[in-house]
Every structure is written in structure tokens, then in C-alpha cells.
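Attaching a single structure in C-alpha cells format; questions to follow.
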Amino acid sequence: MIKVETAKKWLDLFIEQLLENKVYLSELDTAIGDGDHGNNMARGATALKEKLAEKEYDNLTDLLKDTGMVMVSKVGGASGPLYGSAFIEMAKAAKNDEQVALADLLQAGLDGIQKRGKAAQGEKTMVDEWIPVIEDVQNNQLTTEKVDEYVEKTKPIKATKGRASYLGERSIGHIDPGAASSGLLFKTMLKAGVADE
Amino acid sequence: MIKVETAKKWLDLFIEQLLENKVYLSELDTAIGDGDHGNNMARGATALKEKLAEKEYDNLTDLLKDTGMVMVSKVGGASGPLYGSAFIEMAKAAKNDEQVALADLLQAGLDGIQKRGKAAQGEKTMVDEWIPVIEDVQNNQLTTEKVDEYVEKTKPIKATKGRASYLGERSIGHIDPGAASSGLLFKTMLKAGVADE
Amino acid sequence: MKKIINDPSAVVDEMVKGLVFAYDGLVEQLPDTNVVHRKADKNGKVGLVSGGGSGHEPSHAGFVGKGMLSAAVCGEVFTSPTPDQILEAIKASDEGQGVFLVIKNYSGDVMNFEMAKDLADMEDIKVEYVVVDDDIAVEDSTYTAGRRGIAGTVLVHKILGAAAEEGASLEELKALGDKVVSSLKSIGLALSPATNPEVGKPGFEIGADEIEFGVGIHGEPGYRREKLQPSASLAEELVTQLKKEFNWQSGDSFALLINGMGATPLMEQFVFTNDVHHLLQKEELDLAFKKVGDYMTSIDMEGISLTLLKIADSKWLDYLNAPVTTIAW
Amino acid sequence: MKKIINDPSAVVDEMVKGLVFAYDGLVEQLPDTNVVHRKADKNGKVGLVSGGGSGHEPSHAGFVGKGMLSAAVCGEVFTSPTPDQILEAIKASDEGQGVFLVIKNYSGDVMNFEMAKDLADMEDIKVEYVVVDDDIAVEDSTYTAGRRGIAGTVLVHKILGAAAEEGASLEELKALGDKVVSSLKSIGLALSPATNPEVGKPGFEIGADEIEFGVGIHGEPGYRREKLQPSASLAEELVTQLKKEFNWQSGDSFALLINGMGATPLMEQFVFTNDVHHLLQKEELDLAFKKVGDYMTSIDMEGISLTLLKIADSKWLDYLNAPVTTIAW
């Protein structure tokens, strides 16, 4: 069972990392998108920080749902509805099953992303980060190195979804910014110890 | 008496000089005006060249009048109506007195300029070229060097008429572009031998 | 970055406030949002809402008013607005007959507007939408997010706005919108990039003697770079691309929109218009409606776009010519 | 020089042709001139003619049409038009009651328009005129050519246009014009110079971190250079200068025009508008009419100007708000 305190720690670390990597994420997005992914996520992170400071959470569902709502209403762009849907679907999964396993929780999040964005694996989006990560979580094999490896693996892919798809072949050789921000999500998840529970 | 052939030669040389000095005159105007004096005069010169090629002139009046009309309708800006008025008034003087002396002819031109532009001597305009030139013509003392000297003498003047007046003190130290184009008018007058008749 | 702004991250907020102040007889700002809503009386017509990232002014807030949009949602610069703000626009625009959304085809916009539609459904407001994808610079294949929505969007606002004002139902607007969008094609070019104030530097680099064909309104890459060339050659390239797409016949009727990208003066836009005129004259097209100016800009980008709308129904011309009360039409 | 043009010396010709083609329902070009004349029916009103050097688009051709100008004379770029062209505009605009000219105060413009008036007198057309000199950046003394005419000119077009449409006589227009001009003051600033296509290089040089207050619409030098600063400080400087001139009292009624210089995006214009709003709110002025956008540009200059017109007569507000059919009002 995922404790709400641990999840809270996870989100705090994620917020911290998003703010720290604002320029880096926007630079990745400048290469193959419109250069705002870092700003978008940082805007969400700042709002989420405020939101989470407002009250004490005693259950995972509320924490994830509020996170999802902040993402949806503050991030904007493509990543806002995608991260928003992910957290809202995770909140639903936590509500349906208080004992939900981490892999199932994340799978619910991925389903939210794919339902909203209709991207399959191999289209050079954050989906390419979530799929292998969830597999590793299932097999208890996820490490920080692997998270980074999956981010790196978006490089050779030719984008066929999102703004990067306009570049066609020229999108090859660049990391997908959404995969990189999801990488931060999963590394902070490991750091917070969410996977150990 | 000024022969129409000599006057025609004068205008041909003036046209040539205006076209040759287009960039130079505009550069002078860039320093203290809006940078178009050379273009304005060259536009007029080109049109005048065409006009004068159209017919044979057998009297001074028609030649000067057509020149004035072309100046008025092709040059634009401040210099168009000024040169236009000058030539139209000279045409009138030639009509009233077929034997008109050069100094009187030029004085009529100057009167046209001053009536239209209301500039007195010392306001840093073409008037500062015309006044001493006419005096020299009267005394049979005009030389190319003197024409140039009067152009040069507009440098220290602070402009109080025309666009250069917006610069106030900062107009000091620059040649007045209209005085410079009038300098070309008077040097070509000497070269054509108008003053010798 | 040399701009008349204060805090770069407050640009959209301050801009919306400035706009609403300047045109307070015409529009109002919905509380706690960057939604610009018209003040015109409600008479039970279908609401018409558009919006997207900011930086395309006068789009979309400049087209809010009687005869065009009910509301425009202003996202952050070049960033789709969020569903909660779009929902507020929908709620304010609903006069009982539902609300129609005009969305430009970008992943972010489509997702955020769709989420807003889901939220509106839960509040029992009927919502339909059309996704504008007029930019033929992009290949229309399953390997891209599809064609982008650019300047032609403004003609969609105008036609649907007039139809809505006339009492068209939500279903009629949907049918009309789909038909207009399928008859609408645009293509642009850029001489220089836009600088997003929040980013602080130009969106791409381009040589002092280069132009790029097909650049998007957020600086998305185009299809070809070439040396700078006379306006007549630029016009020829864009007209040729449109001709390939439309396969027009002499006598076909079109609406023409020539759009400046923000920093291109009207002087150049009209010179270009003159060149387009000569080319389309040779094609013997009937240009039944024409408009030139800044309608869908890209902040301070230098460039121009050319839009043609094949007039499939003469009623469209009436809609294009119908009077409006907006800031910028 | 990176511009969408063909032959630099043909820019005005091609621009006028492009404009007239695009808006052929509204305006026509007088044969062998660069005069843009409206197509509206003649009903015996006084004709209203303006014009000047080109490069200030949409001024003045964009304001030709019912309710505003009868005709606009488009000179070469930044160069006053010639008397023969102005005369053609006067002749085409005369409906039997004479023609009123709106001239911006530049030596060249004044001389050419006055010559045209002389020519019109010889053809028995009664002509009166007003010279607009709203630019307070210039000292108003006998040691200059007087204050320049800038963006405020457009408000003069609008008010006189509405009055003429309403049937005001030539004498009434003269009295009204003089009164409006004496109540009208503007001031601008530039971030970057304009490039006249015929000259081929920028009109002045300015550092990447500098702005200049008081620059004229042909790049005439301003009164002070400073480091780039936030929009709110820029607004404060311009408002302070206007306040000194007007010596206004709280409650005084004004029309406000914020004008972009050509390459300054609406985004920045509205941010600046928001700052001006706050400053004028503190002064407790009654801003009875407001307008923001590109009205009197300087080709591709980056910059902005602020115009205030003290409303001496509430009729002026009716005139400002009266409907028009023009390209750009």
C-alpha cells in the first residue's frame, strides 16, 4: 500500500525537480517543439506547491486528484491535459482500490495519457517513458539508471505525435521533452521510496 | 540675353549632376533630415530629362516653365515646391522681360523660394546659397570656388526652418542638403556659360 | 529582447486587461480568467467560443463581438489555454442552445478543448466543435499531428459567427464548420522569428538574406529555406502550393485573406497583395471576398500568409460580408 | 534590408495598387495618380482630403470611405505628395461645397498642399485646410518648423469626417478642425528605426538596450535617449509630458489613442495600454473614447505613441463614435 505521506514526499521532490530543470526542459522543447515545456511544467509545479501547502492530505485519492486538477488548470499546452489525466486516473484507481499496487496505479495513469493523447509506443512522447517504467515496476527492477536510459532512448525515434511530428526526420537525435519530465517524475518516485512500500 | 540653347545646356548639366550626386545628397539629408533629398532631386532630374527630350524649345520662358512644372510634380517633399516655385517665377521673369539679366532672373527665382518657404537668410536652407550667389552674379564675381564656399558656410548655422530645425543645436556642423543641390545648380550654370552671355 | 513589457510572465494578464480596458464598451473579462467575453445582448443563439495560446493578436479576442465570437480564451503565450478557463468561456457563452468551439489543430489545443467539452457535458451544456487545419505547409498524414490551424481560422470565426447570429443551430454550425474547414487552405513564410517574451530569445535562427517557406505561427519549421527574393517570387511560390492543393478551374469563386505575421508593415502586405492579384488573375479565379492585414500574428515575426477559401455556397459570402462589432475584423 | 518588396522605387505604386485591389468595393485609384478615392455616393457634402508621404499605413488610404476621408494622396515614402496629385484628389472629392484638407505639419506637406489649394482656387474650387501639429516632443517655437503632425491626425480625420458626412459647411469644418487640433497632443517613443525601402538602411542607429523618447514618424530625432525600461516607466514618461502640456483637472474628459509604429505587436501595445490606464486612473480623467492599434505607423519602426484629445464639446464624442466604412478605422 502506498502511504499518503510517501506520495506527498514524491510530489514535493517532483515539484523541486521541475523547478530546477525548467530551463533544461524548455531547451529540449526548443529543439523539436515550441520551447515552453519547462515553463509549462514549472508553472504547474509552482501552483501545485501552493495547493499542497494549503491542507493536510489523509488519503492518496485526494492528493492525486488535487494534483491532477492543478496540472490540468495550470500547465496548459499538450502536457497539461496529459499529466492532468494521468493523475486524475491514478486518483480514480486509488479510490477504487485502497491497496492498489504501484504498477497498477501507474498503469491507470498511462491509460489516462493514452486515452487523451492517443499516442502508442514509439511515437516519441512521454508514453515511451511510461511503458518501460511500468514494466520494470511490475518486475521490481526499476532503477534511476533505467529511468534515464528510457529518456535517452527517445532520441533515435522519429516523432509522429505532438509538435515534434512537424519536424519529421529532423526530430531524430533529440530527447523528447515530455519523456524527460516524466523521467523526473519516476526518479523522484524512487527517491521518495514509493516503490519500496 | 540668355540664349535658350545655353539654358538648355545648363539644365542638361544640372540633371547630370543631380543623378551623379543622388547618394551624396541623400547622405547629407540623412544627417539632419530624413535622407531623401538626393532621391527626390534624382526623381525630378529623371523626369525632367524625359520632358526636355520631348520637344525643341525656342524660348527661355517655356523651358523654365516646363522645368518648374516637372519639379513641382515629380520631386515632392519640401524641395519640390521650392525648386518648382523658383523655376516658375524665373519663367515669369523671362516672359515679362525677354532681355532679363541673369541676376534678375535668379532674384525672381529666390523670391519664389522665399514666398513659398518663408525662410530668411541664416536659417540653414537653400536660401543661404541663393542670396550670396545672386550678389556675386550681380557683381560678375561668381566662381565655382565661391559656390562651394557658400555651401560649406551652411555648416555652422543652426537650422530654424525645414526638418533640420527639429535637431536644434545638433544641426550645427552639417551642410544643408538643399544648399548643396543649389550649389550644383549654380556650378552647372557657370559651366554652361550662362553667366558669360 | 527589446519589448514594451513589464514582467515577461505577466504579459498575457496585462495584455488582456489592457485590451478589455480599451474596448470596455464591447467586451468584458470573466473574473479570475483570461477569457474575453462580449457584452452584446443574449438572444438565445448558439454561443461561439475560440481561443488558444496568446501571441496571435488580434486573434482571438479581437474577434469577440456581435456577429463573431461570444468569447475568446487567451492562453499563455504560444500555450494552449486550460480546460477550466475554456469551461468558463463556454458557460458564459451559453444562451440555452449550446456552444460551438473553433479549435486550431494543435495537440495541446485539441486536448484542452476536448477536456473542456467533457466538463461542459457534465454541466449539461451541449458542445460541438470544429478543428481548423488549413496550413498546407504540413504533410497531412498519419505520421504527423495533422495540419496546423493558422490564419484561415479567422474566416471560420466570421462565417460561423454570422451564421450563429442568424440563428443557426449547433448541428447546423457543425455541418457548416466542417464544410468551411474542408474548403480552406493557407500557407505562410517568414523572414524573421518571433520572440516569446517568456523565453526571451528568438524561436529560431535564420540568415539575414534568407526566408523560410511554410513556417508555422509558433515558429514551427517550414518546408524550405531560400535566399531572399522579390515579393513576386514569394507570391508565386505560395500561389503554386495552393493551386496544387485546390486544383482550381478558371471561374472558381474564392475568398482571399492575406495576413501579416506581426512585424511586417502593411506597405509590404499590399505590395505582396498586388503580386498575388496578378497571379490569380492569370488563373481567372473569381475573388469574391478579399481582406489584407494583421489577423493571425506570431508576436513580432516578420512574414506573411496567404489563405484561400473555396466558396462552396454563395451564402458564405453573405456571412463574410455581414456587419460585425468587434475590435479587429 | 529584408523586405517583401520588388523594386524599391516602385513600392508606393505597387502598394496602392494592392490596396485598391483588395478593397475595390470601397475605394478606387484615380487614373495616373497615387490618389485613393472613395466609391461612396456623392450627396453634396464637403469633400475631405488628406495625405502625405507613404510609410504610415494604414494612414491615410485606410481611412478613405463613408464617414471619414473622401480621398487620400499617397506620396513617395516619407516624401510629401506633389500639388498636381493633391489637386486631382481635390477635384475628385469636390461635390460642389468645396474641399477641406487635413495636412500634417511638415514644411514639405504644407507647401505642396498650399500649392494645390492655389491650383484649386484657379479652378474655382473652394478649399480650406487645417495643419495638425500634435507632437509635443518638439519645442513649439519660432526656431523650429513647429510641432510635427503625428498619430492624432487620425482623430482629426474621424471627427471632421463625421461632421462633413453630417453636412457641415467648409467654414464649420475649418472652425471645428482648428478647435480639435488645438485640443490634441501626442508623444511617442521608438525602440528601433524604420528602414525606408528606397534608402535601404535604417534611418538612425540605436543601441540594443536603448529607447528614444519623442522620435518622429519619419525617424526625426527625439528629446532623450535612455536604457530600455519596463512598459510602466515608459508610460509614465509619456503621460507626464502630456500632463505638463494639458494641465488637466480631475474629471476632465479625453479621447485616448495608443498607436503602434508598425513593428510593435498588439501584445505590447495592450500591455502599455494597461499601464497608461493605471496612470490616467490616478489622474481621475474621464476617458470617454479609446482606441489601440496601428493607425499612423513609421514603416517597420518599433515603438508606440500616446495621443490625448481634450473633449471640448460632447458632439466630438458622437463624431468619434459615428459608424464608418473604411479599411482601417
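Lettered A, B, C and D in written order, each chain numbered from 1.
The rule is simple: contacts are C-beta pairs under 8 Å (C-beta built on N, C-alpha and C of every residue); 3 or more make two chains touch, one makes a residue touch a chain.
These figures come from a predicted structure and were not determined experimentally.
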| item | value |
| --- | --- |
| Between chain D and chain C, distance of the C-alpha-averaged centres to the nearest whole Å | 29 |
| Whole-Å gap separating chain B and chain C, where each centre is the average of the chain's CA atoms | 54 |
| Centre distance in Å when chain A and chain C are each reduced to the mean of their C-alpha atoms | 31 |
| Residue numbers of chain A (touch at least two other chains) | none |
| Contacts with two or more other chains, residues of chain C listed in rising order | 77 |
| Touch-based graph of the chains, sorted into line, ring, star, complete or other | line |
| Inter-chain touch pairs (all) | A-C, B-D, C-D |
| Chain D contact footprint on chain C (complex, rising order) | 2-6, 11, 14-19, 21-24, 54-55, 57-58, 62, 77, 191-192, 197, 208-209, 211, 228, 230-232, 234, 256, 258, 262-275, 277, 290-294, 297, 299-300, 302, 304, 328 |
| Contacting residues of chain B [partner chain D, same complex] | 26, 30, 34-36, 39-40, 43, 72-82, 84-85, 116-117, 158, 160-163, 165-168, 170 |
| Touching residues on chain C, where the partner in the complex is chain A | 53, 75-85, 106-108, 111-112, 114-115, 138-139, 142-145, 148, 196, 198-199, 203, 216, 218-221 |
